[in-house]
Structure formats: structure tokens, C-alpha cells
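Taking it in order: structure first as C-alpha cells, then the write-up.
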Amino acid sequence: MSWPLVLLVTAPVMAGLGSLLVRQRRAIEVLQCAQAGAILAAAALVAGHVIAAGEVSVGGFLRTDALSAWLDLIIGFVGAIGTLYAVGYVGEEMDRAHLSGRRYSQFFCLFDLYLGAMLLAVNLENIAIMWIAIEGSTLSAALLIGFDRSKAALEAGWKYVILSSVGIALALFGTILVYYSSEHILGVSNEALRWSQLYRVAEELDPAAIKVAFIFSLIGYGTKAGIAPMHTWLPDAHAEAPTPISAMLSANMLTLAVYAILRFKAVTDRTVGPEFAGNLIIGLALLSIAVSATFFLVQKDYKRLFAYSSIEHIGIALLGFGIGGFGVFAGAWHLMNHALAKSTAFYGAGLVFLRYHHKSLDRVTGLLSQMPIAGTAILVAGVALAGLPPFGLFISEVLIAIGAYRAKPEVTYVFLALLALAFVTLLYQVLRMTLGTPGEAGTALGKQCRIFTSAAVGINIVALGTIGLYVPPGLETLLTSIVKIFGGGMETPR
Amino acid sequence: MLNLFLLLLAGYVAGLLLPLCFPAKPSIQNILAHGFAGLASGAGILLGVTGLLAPEPWTASAQSTVPFLSFAVRLDSLAAFFVLTISLAGLATSIFALGYVTEFYGRVSLGALGSLFNGFLLSMTLVVLADNGFFFLIVWELMSLLSYFLVVTEHEKAEVRYAGLFYFIMTHVGTAFIILAFLIFFQAGGSFSFETFRHPPQPLPEGMRTLAFLMALIGFGTKAGIVPLHVWLPYAHPAAPSHISALMSGVMIKTAIYALIRVYFDFLGGQFPWWWGFVVLLVGATSALLGVMYALMEHDLKRLLAFHSVENIGIILLGIGAGMIFQSYGLKELAALGLLAGLYHTINHAMFKALLFLGAGSLLYATHTRNLEEYGGLLRRMPWTGAFFLIGAVSISALPPTNGFVSEWLVFQSLFLSFQLPTVFLKLMLPIAAAILALTSVLALACFAKAFGISFLALPRSAHARRAEEVPVPMRVGMALLASICVALGVAPMVMVPLLDRVAAPFAGMSIEGKVLAMDGWALAPVNVEFSSLSTPALALLLVALSMLGLGLAVALGGRVKSRRYKTWGCGINLTPRMEYTATGFVQPIKRVFSTIYQPTVKLETEFLEESRYFAKRRHFEFHIEPIFQTYLYDPLVVFFTTMADRLRVIQAGSLHLYLTYIFVTLIVLLLLAV
Amino acid sequence: MWQAIILVVAQTAVLLAVSPFIVGLIRKVKARLQLRRGASVLQPYADLAKLFRKQPVVSTTTSWIFTATPYILFASTLAAGLLMPVFVSRTPLAFAGNIIALVYLLALGTFFLMLAGLDAGSAFGGMGSSREAIVASLTEPAMILSIFAIALTKGSTNLSTIVHKTALLEGIVTDPSPYLMALAALSIVAIAETGRVPVDNPATHLELTMIHEAMILEYSGRYLALVEWAAGLKLLVFLTLIANVFAPWGIATSLEPTALGVGLATYLVKVSGLAVLIGVTESMFAKLRLFRVTDLLGVAFILALLGLVFFYVLRG
Amino acid sequence: MVDLGSALLLLTCFAIVAQRRLSACVDLFALQSVFLALTAALVAFLTGIHHIYIAAALTIVIKAVIIPRILKQVIERLNVKRELQMNVNVPTGLLICGALVILAFFITQPIIPLGFLLTRDSLAIALAIILIGFFTMIARKKAVTQVIGFLVMENGLFLGAAAAAYGMPLIVELGVFFDVLVGALIIGIYSHRLQDAFDSVDTSKLTTLKE
């Protein structure tokens, strides 16, 4: 019973190639919606199987444990909804003749390949092949970021491609080092690269080698995850990419990179104990939160604003993972809620951009009264991202604070202080945008665009609300088994 | 009790959701929202009363899938008392709102306003009911969030947005401290349930206890509006629609008082050094005095009332602080008395402050201005509102026989009984606190003589006031309810004291009902009749009887003389509003006497006629007082952060090589660390 | 029970009867000291009677507050008087309120008087009220502290208890300094509260200086009568307070007729004595500027505080 | 033997750092790739792991032939002959590279004993090459030289994989090669577009996006 997994990784690729072949817009739209449905269903089914059976694997090639299933859910859901949004958004661009039919189909081809690469990466068993898939996603993203060929877009794309290529290269060296130290035990073969195998023999691996390997993969994949100080490409890319892509980058790709780091962390923890990797991650995480908190205040561009908030939240999630125990629970939960909230925020931002054709924060006010959908999206997302109930980010942040306080109280003090600062600065900007009286008129959006985008926003907000204060039992099983992957038990007195 | 609780829950939830189902039908939304709110708060009143009378705390809980979180509620006497307070205010405001919100039709989405109103009431109720730290934090934050959105109801106004943001930031920073305080308790017990907070497996070390005390004081103090954390309050409360201001000022800040009592007397088991109590006392005295002093200088009625909330929180803390001091010396009955006094003032302030804010709302409704100088002569146009406002004013000025007087009298007593304390220092400090309290209440009296006199008496000072008309019935009913409660709590303390005793007794470790009530309930006599006694019913009767006597004498000695109506003597010219004493003029002496605190700056510009320097064409006068804490404490902070952020922009300088260098350096540093 | 009611009525009667006399006496003393013959001591009674009969003029700008105030003022002041022992140490209504209640009853009257001052709409009334506000707010703390200093020595804030104990020479402090401090403070307070020179001048209508007179400027006829009477009562209340708290000796500690007689007589002597004293001081001092009054009241506060300190220091 | 090959690779790195003329840099890179291929083949021969031969062959084809050609074309089109000013001047650069080599040996010290006797030091050298490549990207301003720096890093990686770890599984190798190729292509495309947009490939001029 493994077809859903196969479907999950193949559907986007097929849809992508398909939209390259069929050139009519309507056909592409249908294809995309079909793909969205397919990955959504497939992701749900895969997760279901994993919840039931613990693991799903196809050949020696694909293997999905709780962590992968978690990522499947995130990427699958956000990807599917993002596809709907993209149909609305890019369609609008085309209606306004900013886009030729050829470029239209190219966009969706790249978009789907990008999605496919990410979905593949999280379900692969072999860490080296996972690297290849991630590199694939990097490259397709590189093309998407520079998609509209403005100077800014090119600059952002260039920076992205250089920095993340370097990062990814470092990550590969990390992988090689793991292989280098594991092949003595598992033999010179694919076995030596399967994480399932690695976990098994991790205790026997050479600590020194694994340490170095972890540092390389932390910095390598960390560059992709936008951890400070490797985050520098992130604001540019998120701001200049077409908004559906910004949403995907922030909600999916960063999460994917975190996933990759986690795979290595799991091995490292088994080999040298959780302290080493934990401390490194905690340090960088706090740095990331600090950086983003300070940059909220000086923002002039609302897409950059949300980009920095991604840095902050990836930092928070990593802090959770770095702490371990139910910190892992919180971190994973944080990733999912962040993905939902952040994509919502970018959906809203995209609509605003379509209307005003500029990204200047100072000139956008009174969204609630002028663009109810976008306004609500940004307000709700802003409240959620600021870490307020009834949204899950509050839950995870408190849990992380708890975990941190248990492990290292001083970390908690710093963490809470930074959170408060980030709260103030982010909310200040978000409220400035949404409340008040509208500034300029802008150009109204087309009907189709409105339908698709508001559907996307609506679904996201509903999802965000439902899992706000309540972890569905299925997801809870996933989370607990994720915690087990990191060797922590869930001692959770209620 | 479960049924009552569920009824309350259902009512609020219905009021939360249903209005949203009828978009663009404001009148329906209005009725649904406030009708259900009224229903639910009615249930809340019953719940509170039953809870106060119940022998044992009532608990219920629903498990959650989140670690450490469980939706547990516990209705002990303390919680019940606050539920009662919240629900009373909730009921009155709901009735009032029925009429009041009509002026928002078309301007504001009634659906949003109504459901936020219900959500706000619900969250406040849950705050006092929560029995799990995590749950508490959630509803606490929800309360802040919802109240924020209520504050910015009229967000098209810039000052409203500013007020809201200021409030939101302050309260959230406060929450950070609360989280820390809870984490300290959590550390000891490994659980967030209040039960383990109460009885941790291993006791907290002294240092940790002190830290928890301070964190709680800062965290909850921010919400309560203690000086110097009060700065948000005079912005936020006036910015909200008046019935919301009534709830925020009357009730919301009380949840902080609840939490403080919960933490100090319940979690920390009332075991603390005397200086904790002294700190609370100090904070209370400062807040009381500065609160009323800044209130005096306000001519925006709602800001004035907001500052009085700071004052009254101070008075409440005086009572509680005294109680804590006595507690730390094991003087149980006095501890109970102090606590009782504080709690009594809590509910009293909730009632008369809500009443006054509703009154202010009515004035706003009738005149569309909040500026005292533009009112005047309203008592003849709005007799009902005027009467209710007067009752509120008399109560807040602590004049017999109203409720404010009773509770302040009790606070006085608990401060005077300080001669039983062992140390001379405290023996001196508490009476001085009493003196400060006396000063405070007289200044409050002056302030409300101004507020009522300038706005309701003499001639109308503006076209607004001339056009004013009495407000619709629901609003009057709402105010009438609160006014009658104020009087009742004043003349019938024997009803309230036993209930309050049930709240205080468990914490102080003894019941003092018998010691406070004398002459089978007709007099209060803490802690024995010899020391002091007070009987408001007697005073009320006496006052009535004697004014009858006065009337009698007048008739007897003078016979029935019909009095003649004639215009006031204006030194020969006809009296015009411009000759009346203004609010500014009224407080001028006070401003001058206390100029060290106010640091007033006065600007007077005069344009003379060209012909002669002896005739002024127009004079422009303005004075403003220095908001010390903002200028010297908060503004510098803001400046610091903004400049810091500005400096740090160089990190993101845009150069690819720089970025590559970051990665390179990080890599090398980490590698060196690892090896 | 009946006994109590009779006593209350009697006390009421005495207060009502004596207060105009005190006012008259003070006037007389001042006149004498200014080498005038001055009006008869009984003149105030005649004034009251006349005012009651005159037709009052009520301003058209006023509301019901204006007409209600005299009654409230009268009632509250008289009630204050009934809370404290006058010629019987155990006054029946003592349970109704202690010294703080007394202070706040007077405050109630002041509050409504301020409102009335504002109600007529003339600048004088407003000015009076605003000045009354500052004076009242500065006297209050001193008053509370001095009262407390006394209360401590007797372990009670019930006037009746204080007086009774002192009269029976219970718990007399060996060192009188706390008493003296408190006495000084309370006298200053009394002068300020009752609007006598050097704080206020009851005999002037010079707008720059008047406080109390300014508030009641618009009153006439029976309303004025009541207000004046209340003013007299307030003065008497303070005199009685000082007299009975600091020198209660002679007051009736039981209800034998002789004791009552003696008590009444001594009471009259004491208050008249104090009245003469006031008359003398009034003619010795010039009225202070409003903003110098604050210094005077500051002194009162410090005195009261010192009284407290002394008490504790001596007790150790 | 193998270490000798690795040493040669390291040498070419230094040459690239020292070289100012772009086309020369490209040639040096091609040369380095050839050395790399030889080393890999040598490893394959000595260990008898055959798929490393394929890897070696691919290296020759892609890195020694195709990519250099692409780069040459780019250079022609952009007619940037030589790089006059850099962020770090040549002597300092060389010194830093020396330091990096020492660092690489220092870091790999505890790991080396793990490796196969035959290729003891090539791991250290691989790391050194990676770091030097990275450094080149920082030190040079022109897009093309940055690309070369990146490709040098890739070579370092490949050396690490082939020599130190006796080659990754074949499928991995193929994947990696594919990615490298595509990556190079995309970077090429970008540098074209940058040229069109900014008429220069001096990446230090790309600083419009910042706070």
C-alpha cells in the first residue's frame, strides 16, 4: 500500500511537464488544480499510513517515517493551496498582459518541479540523494526568483544562487564526511547513506568526524534555512520573487532545510550526545531571532518584513529542536503553524502588491477597509506570527520557553526578551498596514483572481484556527514519534 | 454549578458567533450580541453567588492534547467573587450597550463589536476561573488581544491607533514577566496545574520566591496600571467605546488584582517577609496619589476617569499591602481585615467606575465631545444621567453613606491597627500611608466636584451642551442598575462583608466575620467595638432625618415662603457662559501648590488692537503638564531601540562578498570550536 | 432605648442652640478688642430668624443641587456633631461612626457646598469652590494624622471611647508632648476648616480674599439661614472636638441629673472659652495669602507627624 | 601516489588565486579538473572500485571540457579580459590560502586515521581546496571568477568523495554531476542577464537590495 507516496512525489513532476506541453491556459489551470488535489490527498493518505504503521517505504529508495510524514503534510498542504493561489495570482498577471502564454506555462512547469523536488527530498532515504533533490529545488527556485526579469529580481536571484550553491556545497561535504565515517561499518555502498541504517549504527561512528560533518551540514543547509548569519539572501529573495514563490520559499523550502539539518542532528545526537548539536543550534537560533527582531523596526518593504519574520520563526523552531524533549514537539508544531501563517501573510501581501504595484510599507494603510480579504489575511497572520492565542505559535513558543527554562534558564530570559521585542516591532508594522484609512486607490483585481486567492486565504485561516489550541490525535501521534526519533521521551504531565 | 457554567459559556459563545451570521443588519446584531451577553452575565452572577456560598471549591476540566495544557476551571470563593464582580458589570454594560451602540450603526461593524464584546467578557471570566497556568496564559493573552481590538474600534482615528498600540505593547511585555513567574513555579512542580503551584513537591528556594514575587508584581501590575507602569491606561481606556472603557477600567484591571492575590496568598501560601507587603503598600500609595493628581489636571472626562482607576487600584493595593504586612507578622485577623478591605474596594470600584464611564458614555452620546469645558448645565437637560453620575461621583469620592466610603473606611482601619506591629518603622509608615490616603480621597473629592460641577451645573458652555438631550432608556437602565448597587453596597455592608470574609478567610487562616460585624450586622467594628465602629445604615437614616429636620425648621421658623427665580448677579452685566469658572481655573490653585509634580508649562499669547495696547483682540492661553514617566522613562527606551536598529542596518549592506564572508567566518569559527 | 433617643434629641438641641451663640460671642470679642461695642451676643439668632422669614431668590441658572445643598449641608454637619460626645461622654450614636466618619461627613457637606458654588454660574462661586478644594485637601492629612496620634494613646478611634477614658483618667500618657503636638495640629486644622482668620475671613465680601463666603454668595432667605447655621455648627463641632478630646474633665460619664447638669455647664464654659480664644487670635493675626496658607497647613501636618513619632519613641 | 595528485590539485588552486587573467583562470580550472580525473582514476585502479572510472570520465567531459567552454564563451561575450582590482590583493590572498591549508590539516587531524591508508591526506587537501575555492569567491569581484571559485569547491568535494571515501555510490555521483552541470548553466544564464541589465558582471556593484 505505497501508491500514495509514489503519487505524492510524481504528481507535481507530471503536472509540471504536462503544463509545459499543453499550452492553453484553461488546460493548465485544470491541471494545476488536479495536481493540488492530488498532492493534498496523497499527503493526507501517506500521513495516515505512517500514523497507522509507523513507517512507509517503497523499494530501498523512498522511506517515510513520522518526521518525513510531518514534512509531507506541511509541504503538501501549503503546496496545494499555494498552487490554487498561484493560479489566481499569475492568471491576474497574465490578464494584465505582464506575462506571455509561454512564460505562463514555464512558470507553472518550474513551480511544479520545485514542489516535486521538495516533496521528493523529504521522502528519500539516502541522504546523498536527498542532497541532490534539495539542490534540485534550489536551482528551480533560483529560476523562479528571477522570474520577472527586473534588475532587483536578477540581483536577488544571483545572490540566492551563489549563496545557496555555496551552502549546498558545504552540506555535500558534510554528507561525504558522514559517508566517510560510516562506510567502514556499513560498507562502501548505498547502505552507508541510508538514515535508517545510520541511526542504527550511529553509536559506532567516529565522534570527531560526525562533529565536523554536522557543522558542515548545519552551515550548509542552514544557509538554505536562512539561519543567521547565513540568512542574508533570504529577505532579498522573498521580496523580489513572485509572491506565490515567496510563500513557497518561506513556508516550504526553509522547513525542508530544517528537515535536512534535523536528519543530521538525529545521527549526531546518537553519536556524540544531544549537547553538542543542541548548543550550536540554540546559539544560532537566538542569533536569528535577534537579527529579525531588530530588522522589523527599520523595514520599508512589507514583503521583506514577512521574510524577516520567517527568519525569526525558523529560529524559534530550531531553538525548540535544540532543546530537545518536548521542545522537539513544540518545534515541529511551530514549523507547521508557521508554514500556515506565513503563507497566509504572503498571500495577503501578494494581493496588496497586485493592487498597488509597490511594496512600500509606509504607503499601505487601511487594508481592512479597502481590501477585506488581504487585510484579514495579513491581520490574522500577523497576530498569529506575533505569537498570540488562539493560534498554535503561542502554544509552541510557551512550550519552548518551558523547555528552555528547564535546560538553561538564561536562554529563556534572552528568548522571552527577544520575543517581546519581535512582537512589538512586527505588530507595529502589521497594524499600521491593516488599520486606519486607506491611502491610495490602486487597481482592482479580476474576478477569477479574487475567487482563487480568497479561497486560498480562507482555507489557510480556517486551518490555522482549527489547529490553534488543539493538536488532533493523529498529529499528536506523529509528533510523539518525531520526539522519539531524537531519542527524547515525552514526559508530559498535563 | 456545572449547568450555570455551561449556560454562561453557551451565552457568551452564542453572543460571539450569532451576530456574525447577520452581516449588515446592525440592529439584529446589536440585540443578539448584547442580549446574549446579558443572559450569560446573569448566569455569571448566579454562578458567583453560588460559588461564594458553596462550602467546597467546584472544579471541572477538559483534557487537551498539548503538553502541560488542560482546560481546567476551579471556582473557589476568590474566583467566585471576581466572577460576580465581572458579571455584574457585564450585565449593566450589556443593557447600556443596547442603546449606546446605536450611534455606531453604519460607522463600525456591529458584528465585530458585539462578538468581541462577548469574547472579552468570556475571556475575563475564564481568567479568574482558570486552574492551569498554561490555560490562564492563553485566556489572559486572549483578553488582551480582544480588548485591544475593542480599543481600536474607531481605528480610523490616529490617536486611537496610537493608544491601542501603546496598550498592546505594554500588556504583552507584562505577559512576558507573568510567563517567567509561572515558569518559576513550574520549575518546582514540573506541572502547570495550579494545584502543584500551591503544593510543589519540593518548596521553592527563597531567592526564587522573591523573584516570583517581583515578576508577578511587574507582570500583573502592568495590567493593573500601577505607577509607573500605568502610562498606557489613560490612553487606552478613553479610546475605547464607553461601555468597553467601563469594562476595562471597572473590571479588566481587577483581574490583575485577582492574579496578585492568587499568587501571593494562594501559590506562595501567604508566607513572605514583611518587605513584600511594604513594597505593595508603597506601590499602592504612589499609584493612589499620583493617579488622582494627574486626574485633577485632565479635562477630557474619560481620561480623567482612567486616571482615577490608577488611583483606586492604588487604594486596593494599600489594603492588600497592609494585609500582607500583617500576614508576615502572623497577625491573622488584621491580615484578613486588610484583604477584606482591599476586596471590598475592588467590587466597589468596579461598580462606581463602570457607572461613571457609562455616564461619560451618555454625555458623549448626547454631546459628541469628551471635553469638560464644552459641557455645562446638563443636569437640567439630562436629569437621569446627572443623578446617576452624581451617585457615582459621591461614591468614588468616598462620601458617606455610599460604598466607596465603607471600603475606604475599612482600609483606614487596617492601616490604623498598625500599632500592633512590632517594628517602629512600620508603625510610622502605615499611618503615613493613611494620611496619603486621606489626601488622595480629598483630592478625588475636589476632582469630582470639578467633573460634576463643570459638566452638569451652571450654564451650557457650548452648542453641543445646549443641544444635548436625555439618553435612551436602555442606557439609563444600565446606569440605574449600577447606581443602585453602589448605594446598596454602601448602606448594607452586612450583606457583603460575610461574603468577602469567605474569600479572605482561607488565605488569612481565620474568619473575622464575627469580629467585623457588630450589633448583629448593623455596624462594622474592626476588630472590636471599642476601637472603632461604623454603621452606614444609621448614618443614612440620620442624614435623612436631619435634612427633614432642616426642612421642618425652615418651615417652622419661616413659614411657607415661595422663592423667587431671578438671574445670577453678574456684576451688572448679564451672565454668559464665558464668565463661568472653567475646569482649568478650578484646579489652578492645586496645580500651583503641587507644581513640583506637575512641572506645568503655561503659554499665553495676546494680540492687541492696532489702536491701543490696552485692548486685546484675542488671547490664547494653553498649559500642559509634564507626563514625567513618559518623558523620562519610556521615550528614552523607544529612542534607544530605534537608534540601535538603525545602527544594525549595516549588517544587511547588500554586498554579496560580505555575505559570503559571514558564512566563511562562521564555518571556520564553528570548526575551531568543535575540534 | 428611650433614654438614648432623649439624649440624642437633647444633644441636637444643644448643638443647634449653642452654635449661633458661639458665632455671636466671637464677633463680640473681636468688636471689644477693636474698641467697638459690637452687636449683642444674641444677634446671630435674630439674623437667622430674619433670614428664615425673608423670601429667597434663586438663580435661574441653578439646578436642584443648589436648593438641596443647604439641607444636605445642615444634615451632614449636625450628624457629625451627633457622632461625638458633647456633654455626655457615652453618646448613644457613637456606634454610627468613629472620628473618620465624622471627618467624611463634614467632607460630604463641603462637596455639596462646592457644587452649589459652581451651580449659580458666577465666577465668585467657582473661585470659592476651587479655593475650598485646595484648603480642604491640605487640612485632611494633618487632621487624620493628629486624630490618629490621639487615638493611639487611648487605643481607639471612637470619640466617645476616647473622651470617656480620658475623663476617667484612664491611660493618660505621662508625657503630654504627643498630645500637645496633636492639639496644635488640630487647632490649625480647625481654623482652616471653619474658615477663620488667618485662613479665611468670615466677615469679608472682598472677592480677592473670600473662600467660604464666595461659595454661598448666591444664597438668600432660608437657604442662607441654613448654610449660616451649618457653618456655625461646624465651628462648634470643632471646638467641641478639641475641648472634649483634650480636656474632657467635667463631662458627664454617667446619667445622673447632677452629672448631666455639671457636664452641660462645663461644656458651655469650655466652648465659650475656646470661642474667646478664637476671637483673640482673629484680631491678632492678619489673613494670609491663599498660597501662604499651604505653609501653615504643612506645619500642621508636620506637628501631627511629630506627635506620632513622639508617641512611639516614648513608648519605645 | 594519490596524495601527489591531490597536492597537484592544491597547487593549481594557488595558481588560480594568483592569476588575474580570467581566461587563464578558466584554463587552470580545466587543468585542475584533469588532475582530479587522473587522481580519481588512480584511486579506481588501486582499489578496483570500477564506477570511479565513470566518475573520472564524467569529470573530464564535464569539468575539463564543457564547463570551461561555457565560461570561455561568457568571457568572450562580456569581453572582460582581466580583473584589475579585487577585494583582497594577491600576496595577502596567497598567505590566507596558506593559512587555510594549515587549518584544513588541523581540523582533519583527528579524522584522518579513520581513512584508508592509501589516501590518508587527500581528505585534508580536499577540505583545503574547498576552503580556498570559497575564499576565491570572496576575494574576487567578477561573476566569472566567482563561478570558478565555486567550481573549485566542487572539485574539492569530488576529491573528497572519490579519493578520501573511495567514491560515493554511482547514482549519487551521477546526480551530483547533473546538478553541477545545471548549476553552472544557471549561473551562466544569470551572468548573461546581469550583463544585459547592469552592463557589467562586477558583482560588488549589486548592492541595491539592502536595509
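As written, the chain order gives the labels A, B, C and D, with residue 1 at the start of each chain.
Simple rule for what comes next: contacts are C-beta pairs under 8 Å (C-beta built on N, C-alpha and C of every residue); 3 or more make two chains touch, one makes a residue touch a chain.
Remember, it's a predicted structure, so these values are computed and weren't measured experimentally.
*Asks:* Any chains in contact with both chain A and chain D?
*Replies:* B
*Asks:* Given the two chain pairs B-C and A-B, which is bridged by the higher number of C-beta pairs in contact?
*Replies:* Contact tally favours B-C.
*Asks:* Can you check how far apart chain B and chain C are, centre to centre, with Cα atoms defining each centre and the answer in Å?
*Replies:* Centre separation, chain B to chain C: 35 Å.
*Asks:* Taking each chain's centre as the mean of its CA atoms, how far is chain A from chain C in angstrom?
*Replies:* 79
*Asks:* Roughly how many whole angstrom separate the Cα centroids of chain A and chain B?
*Replies:* Roughly 44 Å, centre to centre.
*Asks:* Find the geometric centre of each of chain B and chain D from their Cα atoms only, then give the gap between the two centres in Å, rounded to an integer.
*Replies:* For chain B versus chain D, the centre distance works out to 70 Å.
*Asks:* Mind pulling the residue numbers of chain C that touch at least two other chains?
*Replies:* Residues: none.
*Asks:* Among all residues of chain B, which ones touch two or more of the remaining chains?
*Replies:* 649, 651-652, 656, 660, 667, 671, 675 - these are the residues of chain B that touch more than one other chain.
*Asks:* Using the touch rule from the top of the page, what residues of chain D touch 2 or more other chains?
*Replies:* Expected reply: 107, 110, 134, 137, 203, 206, 208-209, 211.
*Asks:* Going by the touch rule stated at the top, which chains touch which?
*Replies:* A-B, A-D, B-C, B-D
*Asks:* In the complex of these two chains, what residues of chain B are touching chain A?
*Replies:* Listed in rising order, the residues of chain B that touch chain A are 63-70, 134, 137-139, 141-142, 145, 152, 155-156, 158, 161, 164-165, 168-169, 172-173, 176, 179-180, 183, 186-187, 190-191, 193, 641-642, 644-646, 648-649, 651-652, 656, 658-660, 662-663, 666-667, 670-671, 674-675.
*Asks:* Mind listing the chain C positions that touch chain B in their complex?
*Replies:* Residues 12, 48-49, 51-65, 67, 70-72, 74-76, 78-79, 82, 93-98, 100-101, 103-105, 107-108, 110-111, 114-115, 117-123, 125-127, 129-131, 133-134, 136-138, 140-145, 148, 151-152, 155-158, 161, 218, 221-222, 225-226, 290-291, 294, 301, 305, 308-309, 312-313 of chain C touch chain B in their complex.
*Asks:* Please output the residues of chain D touching chain A within their complex, sorted ascending.
*Replies:* Per the stated touch rule, the residues are 49, 107-108, 110-111, 114-115, 123, 126-127, 130, 134, 137, 143, 146, 150, 153-154, 156-157, 160-161, 164-169, 171-172, 175-176, 178-179, 182-183, 186-187, 190, 193-194, 197-198, 203, 206, 208-209, 211.
*Asks:* Which of the residues in chain A end up touching chain D in this complex?
*Replies:* The touching residues are 126, 128-129, 132, 135-136, 139, 142-143, 146, 149, 151-152, 154-159, 161-162, 165-166, 169-170, 172-173, 176-177, 179-181, 183-184, 188-190, 193, 206, 208-209, 212, 235-236, 239-240, 295, 298.
*Asks:* Under the touch definition given earlier, write down the residues of chain D that touch chain B in their complex.
*Replies:* Of all residues in chain D, those touching chain B are 87, 103, 106-107, 109-110, 131, 134-135, 137-138, 141, 203-204, 206-211.
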